[in-house]
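Heads up: the structure comes next, in structure tokens.
Letters are used for the chains, namely A, B and C, taken in the order the chains are written, and counting of residues starts over at 1 for each.
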Amino acid sequence: MNYPPNVRIVIVPCTGRVAAVHLLKTLEMGADGVFVAGCLEGDCHYQSGNLRAKKRVAYVQQILRSIGVDPERVHMYNLSAGMGPRFAEIVREMTDRVRQLGPMHAAAGVKAEASKH
Amino acid sequence: MIMAKAKPIEEIINTITDFDKILLAGCNGCVAVCEAGGLKEVQTLASALRIYFSQKGKRPVIDEISLTRQCDKEYLEELKDKMDSYDAVVSLACGAGVQFLAEMFSEKPIFPAVDTCFIGVTQEQGVWSERCQACGQCVLASTGGICPITRCSKRMLNGPCGGSENGKCEISILVNRDVACGWHLIFERLKKLGELERFKEPAEDKDWTVSRDGGPREIIREDVRP
Amino acid sequence: MNSKTPSKLEKILAAGHLAVTSECGPPRNGNASVVQKKAEIIRNHVDAINITDNQTAVVRQCSLAACIRLKLMGIDPVLQMVTRDRNRIAIQSDILGATSFGIHNILCLTGDHQRFGDHPNSVNVFDMDSTKLIQTVRMMRDEGRLLGGYQMEEGRPEMFIGAAENPFADPFEIRVLRLAKKAAAGVQFIQTQCIYNMEKFKLWMKGVCEMGLHEHVAILAGVTPMKNVGMARYMKNRVPGIDVPDPIVKRLAGVPKEKQAEEGINICLEQIAELKEVEGIRGFHIMAIEWEEKVPEIVERAGLYPRPKVE
């Protein structure tokens, strides 16, 4: 699987584990963007963890809007474990999007995102 | 429990924008239950504020803490040693907690981060609804356990009014959600309990001096005072 | 115990005639002639004229002032009073003010919620509701006493006490019980919400008569003529508590635009004729909002003119 090297992957057992504060802290600590990659809707191993993640991503986007940060720096994607090429595509898409938005912070920092492996 | 909801972050930013050392103080009581002001919310708010300020090129100190409660002095005292390090405190407690904090640390600006809304219950996760108006003279015994002061938009004692339709209060069309007609609920409950006779008699008058209308209130129990 | 008041409306009902009332809405400003003009159009065709009280929570010239104007014109007003905007102090005060001008009819209402009006941000008062207001007026009239206990030596209100009822709101079961409660509180006449659904209305009247309420309370059936099919649709879909059955809308829609007003009046007259036969109906409350000029025609064609004279 080939994808841009600017991605840092954080593995969680289910995207339902991801809280709003994790996404915000990621941006606070130096990432220019963060995406959450969860199972396809309807296929969550833990029933609806990915649906909770979706709501939390939307909530964080709302917070970002109110503090003047482009909400597109945080995004939710859904895919299955077998969709390697799709994952690479997602990374490219997110990288392009964030690159267009420009760096969040003056100094380059560690870039990270949460994903399911 | 007392239910509150987070203030718009823009409003909070406006109040703290000139300060450099800020403490966010949460409360693990009521506001934690309704996910407005507990430790989780303190952490989220702190992170959002730091991102905001760093985007503006500022780096104020934004520290996080959450107390057991802010309406009891022994818990507020935990902050005594720390207070000097800050020039402002943002309290995520309900209005009572914010005020008590401000009374104890009266030389520090204390700002609220939530809007305190009502006394209510957890209908289901993520949905909290109002049940009590703290009127000081509970009439639940005669209304089948449903409060007409809180659940009737007009606090009628002899409801329902003519606007009750399909069990919904007339204001439902104005607020874009279904507000149950409190008196419809009372009628159905009294019917279930076989107490419909209560419906036929005009209600007793209510004394509003024991409610907010009578002025700020106090309860004193001499038997438990030291 | 109910005493007899100088109210012409009460006397007409006591003499066994069908009563006719109508209403005038005051303007949203201080213009003195609006109410005067409306009242002049209908004065000889009704027994009393209601003045609405900040209807739908929209600020208008107050009912008490407009009622005084009617009194000065020699017309009997019905003071509509809502409890939404005034506490018990102001309410009793206004009743005494009305009494000082010889106003003998009062319609006790709770009032539409203030969120419906042009000042939704205001506090709502509701220190009492319509039932409590009925009790209050009755106590002031029959015992000369205020709620706080003060005993009036003279100048007691002499008011014929009315209220409104909506037989079409839910649940239906409550609607008769509500009237029973108001009757127990002292209400003497009722003006109903405007009727289009005859079936439901007759069912309510049956319940009312079964409880014997019609013997102590004079029920005036509310009627409102439709100006056009648009009005029918609006009232059906957008006004809470009004029940307009489809056949009525269809009937108006089936008639060319320029004939719809006439058809609306015909429907109204048919309703009045049908309601005259319903047990317990003691008169009509004709609400021709912003169409007051049609009231004389309706009263005459319904066989209710001239109005009876009473001492």
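Here are some notes:
Simple rule for what comes next: contacts are C-beta pairs under 8 Å (C-beta built on N, C-alpha and C of every residue); 3 or more make two chains touch, one makes a residue touch a chain.
Model, not experiment: these values are computed from the prediction.
Farthest chain from chain C, judged by C-alpha centroids: A.
Innermost chain of the displayed assembly, by C-alpha centre distance to the whole-protein C-alpha centre, is B. If you average the Cα atoms of chain A and of chain B, the two centres end up 34 Å apart. Centre-to-centre separation of chain B and chain C, using mean CA positions: 41 Å. Per-chain Cα centroids separate chain A from chain C by 63 Å. Across the assembly, chain A contributes no residue that touches 2 or more other chains. Listing the residues of chain B that touch chain C in their complex gives 153-167, 170-171, 173-175, 183-184, 187-188, 196, 199-203, 205, 208. If you check the complex, the residues on chain A that touch chain B are 19-21, 24-25, 27-28, 63, 66-69, 104-105.
Within the complex formed with chain A, the chain B residues making contact are 8-10, 13, 40, 43-44, 47-52, 54-55. Those residues of chain C that touch chain B in the complex are listed here as 84, 110-113, 115-116, 120, 124, 126-132, 135, 147, 164-166, 169-171, 173-174, 177-178, 180-181, 184-185, 193, 240-241.
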